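Here chain A shows up in two complexes: once beside chain B, once beside chain C.
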Partner chain A sequence: MLLLGIDTATRRIGVVLASENGLLGRVEIGGPEDRARPRHAEALAPAIRYLCDECSVSLRQLSAVAVGIGPGMFTGLRVGVTTAKVLAQTLRVPVIPIPSLDLLAYPLRHSRSLIVPAIDARRHEVYYAIYRTVPGGVQRDSEYELGSPDDLAGEIAARGEETLVCGDGAQRFAASFRDLDRVELAGAAHAAPSLSALAELAIARYEREEFSPPSEVLPMYLRRSDAEINWQPRSA
Partner chain B sequence: MKFRTQSAAQTRALASALAEVLEPGDVVLLGGDLGSGKTTFAQGLAAGLGVDEPVTSPTYTIVQEYEGRLPVAHVDVYRLDRVQEIYDLGFDDFFDGERVTLVEWGDVVARAFPVDHLVVQIVARADAAAGPIAGGSDVGGEGAMVIAVGDERDIVLEFQGRWQERRPRVEEVLAGYA
Partner chain C sequence: MTSILGIETSCDETAAAIVVDGRTVRSSVVASQADLHARYGGVVPEIASRAHVELIDDVIEQALVEAGTTLDDVDAVAAVHGPGLAGALLVGVSAAKAIALATGLPYVGVNHHEAHMYAALLEDPELEPPFLTLVVSGGHTLLVAMDDHGSYRVLGQTVDDAAGEAFDKVARFLGLGYPGGPLIDQLATQGDPAAIAFPRPMIDDGDNFSFSGLKTAVVQWVRAHPDAEVADIAASFQAAVVDTLLTKLVRAAEKYDFGTVVIGGGVAANSALRTGLLDAAEQAGLHAVLPSRALCTDNAAMVAATAWWRLNADGPTPLDSGAWPSLRLG
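Take a look at the complex of A and B:
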């Protein structure tokens, strides 16, 4: 089988091609350190084209499209998820949606700590979840959450366990985590959702036939509000 | 912090001077009734940020983006009804520490924006006009009246969150307008 994976939940634009025998190749553009404006809409399709060409893969050969569904950067997610859905629908292959926080946690599965990926949510907030390592992978031990770095630091302190914090949110708000007891920061290599994790997890799900029709795949949005805007001033 | 301007040109000049303190990631919420001059103020800010193309009201487009000394996103939430729409439009990505975001009517829904922001309230001075005159610059949504009054305005700056620390700097660049 041949899998195309896309993750655009952060400033990093990531594309990966893989088969059951491993990665064929990947393209990454941008990252948390890169202050240039991310151009997900402009760069994603050419990146897919480039990777397919370099790996001598035609889109028609794909068996499935995997996509990181966030939570994360709003515009990036829309571009990534839409591209994955359109490709899958056109090629008549399934989509395999995977939360981008899972993709940050999975590569750290050999650690003995709690693993806490945090993705920058803007507005001085982070998207995060708490994972435990289990044989062969990680298991999520919290909801997918949105909160301030200090909320997260409080939650980590309350658990009182060895903890490894990763993701671009951990980098950006390192000051909130650095001085906590028994907490380590995973560093720049673990700032963006892992493309090899995307390939590995998606192929496993493909083999178990855990996939979704393209129309049912949506980005994960955690910032919700039921409030109406109080337009008294408008009608006054 | 309060200023008074006598004309749209003066409002623009004040806004343009204020632009000097703006940094990447800043959010400025513009408040005031229809016709008070929120777009005029935004035009001044944009000019001060080095935008040389014409800046028009984003009431119908909701967002207009410009390139100046810093990238500028000019937003108008007047046509939105729910806070969720603000999230769904992806404004969050504007608060990425790179551009300046100007939001007309943003004061009405300030909690949907980052806590560190500057509010600019523009108040048309009622006694400044003999009465409403046709031809305001700020056109509202469906059924809204076009309101115009005289050109005299009170402009009130409210410093929220970390903007409070920047008050002295703002006082400095606007000293000529006090």
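Take a look at the complex of A and C:
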């Protein structure tokens, strides 16, 4: 079994190749400190080609394509999701969509705290969800949410538990979380959705045959377009 | 024989097509999003971008099925990489590059304006440059000399609104709905185009166009004449646009010495413009090429056709190439 994984929900462009025995390799470009214009549309395809070449893998050998569907940067998500579903359709293999917040939480499953990944949503907001650790993984204990860093800080404070906050949203708005009681920031190593988590979770779903047809795989936006938010029916 | 898969997602149509040797359309699938944008009275970029992601894989699949082919028998894959809406363009570009990655086929990035001109070569298999083109749509109003394949001179363009934008704005003002072009076209058939003498902006003033003043003139006239027949207003407004476009097109053909004139873009589907062009060309002794309505509005057959010429002349586009929302011709 050979899997290609893509996550472009943040400024980080990530590609991973893995088999059921572990990772063959991964490529990561960009990150929270990268101030250049995001280059998802330019860099993703060459990154996939580079990784395959270096691992001596042909895309025709793939068994499935996994993709982080966000929430996150809209343009990044559209590049990643479109690439994943068209690759899968062309290669006649299934797509395995995984929320990018899950990919941030999963690597922290060995902590005993609540795990709260937060992805920068711009406009002084973050996408977030709250996870509990369970044997062998994490379990989501909230909806996928969009809110201000202070909304999230309030929610964490209300729960009053040991909490680990991660993701580029946690880094960017560290000031909102730093002074909360019993809250720790996970740091730069946990800024972007984990590619090894993507491989591990996707291969488990592949083995359980939890596939999606390419046409049903879509980004998780959480935020409507401004036009929809502002639109009022004229006759209302 | 070279078969090319073309993809178009620059605005609000998700389209894919198979064209052989730049001249023969094997399939052309267009999924219009007009219904999604109607309530907003115009294309909403974020809604368009989201819809492209939803539709793109099915539209590509359908283009292959309708052509009775598979990617095994396709020789290159092309997508419009500009100009257009940034978030929309990168869906088509990403899809085309994904197919190129998976199959090893060459990828070709295509200029949307250039594609509108190549639509004429699909309509008329004998047509070869040089010719003069008028590309008119909701997003562009361009008068372009195509001197040879890949060789263009932009002779004139709008200094404010595009012609199609004027149709949309006037239709919205008249309460007709969206998209405005087909609605005004239809209503105008019941009206008198000579009922109201709307201005012909900049008609004697060079090769550029201006349509925002005309829209304002319509608004002012209607406010002063609240009981006027809407069909007369639509017909008279349309006559002013068509008269302006054709006068400038014919005059430029004489000035720059072109014997053939070609139209393209969504507004080129307008009935009054089409009959007007045939009359004007006959009077001026010009050969006019009018692509079918389906080839005038945004489609992917024109993209696949353009890609065939571009691939032969320039070779493939590298996979690290992105999208250019403000891409120019030439």
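As a convention for this text, the second predicted complex is superposed on the first by the 224 of 236 C-alpha atoms of A that agree within 3 Å, B and C clash if a C-alpha of one lies under 4 Å from a C-alpha of the other, contacts with A are read in each partner's own complex, and residues count from 1 in each chain.
Operating definition for what follows: a residue touches a chain if its C-beta (ideal position, glycine included) is under 8 Å from a C-beta of that chain, and two chains touch if they have at least 3 such contacts.
What you are looking at is a predicted structure, and each value in this text was computed from that prediction instead of being measured.
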Key: First (chain B), second (chain C), both or neither touched by A:Asp179   = neither
Message = Looking at A:Ile229, would you say it contacts chain B, chain C, both, or neither? Reply first, second, both or neither.
response = first
Request  = Report for A:Lys85: first if it touches chain B alone, second if chain C alone, otherwise both or neither.
outcome  = second
Ask   = Which partner does A:Ala45 reach: the first (chain B), the second (chain C), both, or neither?
value = second
Request  = Classify the contacts of A:Tyr221 with the two partner chains as first (chain B alone), second (chain C alone), both, or neither.
outcome  = both
Task = Answer with first, second, both or neither: which of chain B and chain C does A:Phe74 touch in the superposed model?
result = both
Key: Touched partner set for A:Leu59, first chain B, second chain C, both or neither   = second
Query = Which touches a greater number of chain A residues, chain B or chain C?
reply = C
Message = According to the stated criteria, A:Arg122 is in contact with first (chain B), second (chain C), both, or neither; which is it?
response = first
Message = Using the superposition on chain A as set up above, list the residues of chain A that contact both chain B and chain C.
response = 74-75, 78, 221, 225-228, 231
Residues of chain A defined as touching chain B within the complex = 35, 37, 73-76, 78, 121-124, 221, 223-231, 233-234, 236
Ask   = For chain B, which residues are in contact with chain A within the complex?
value = 33, 71, 77-78, 80-84, 87, 90, 92-93, 95-96, 98, 105, 108-109, 112, 114-115, 140-141, 144
Key: List of chain A residues in touch with chain C within their complex   = 39-46, 48-49, 59-60, 74-75, 78-79, 81-87, 89-91, 214-215, 218-219, 221, 225-228, 231
Remark   = The residues of chain C that touch chain A in their complex are 39-40, 44, 46-47, 49-50, 52-54, 56-58, 60-61, 71, 86-87, 90-91, 93-95, 97-103, 319-323
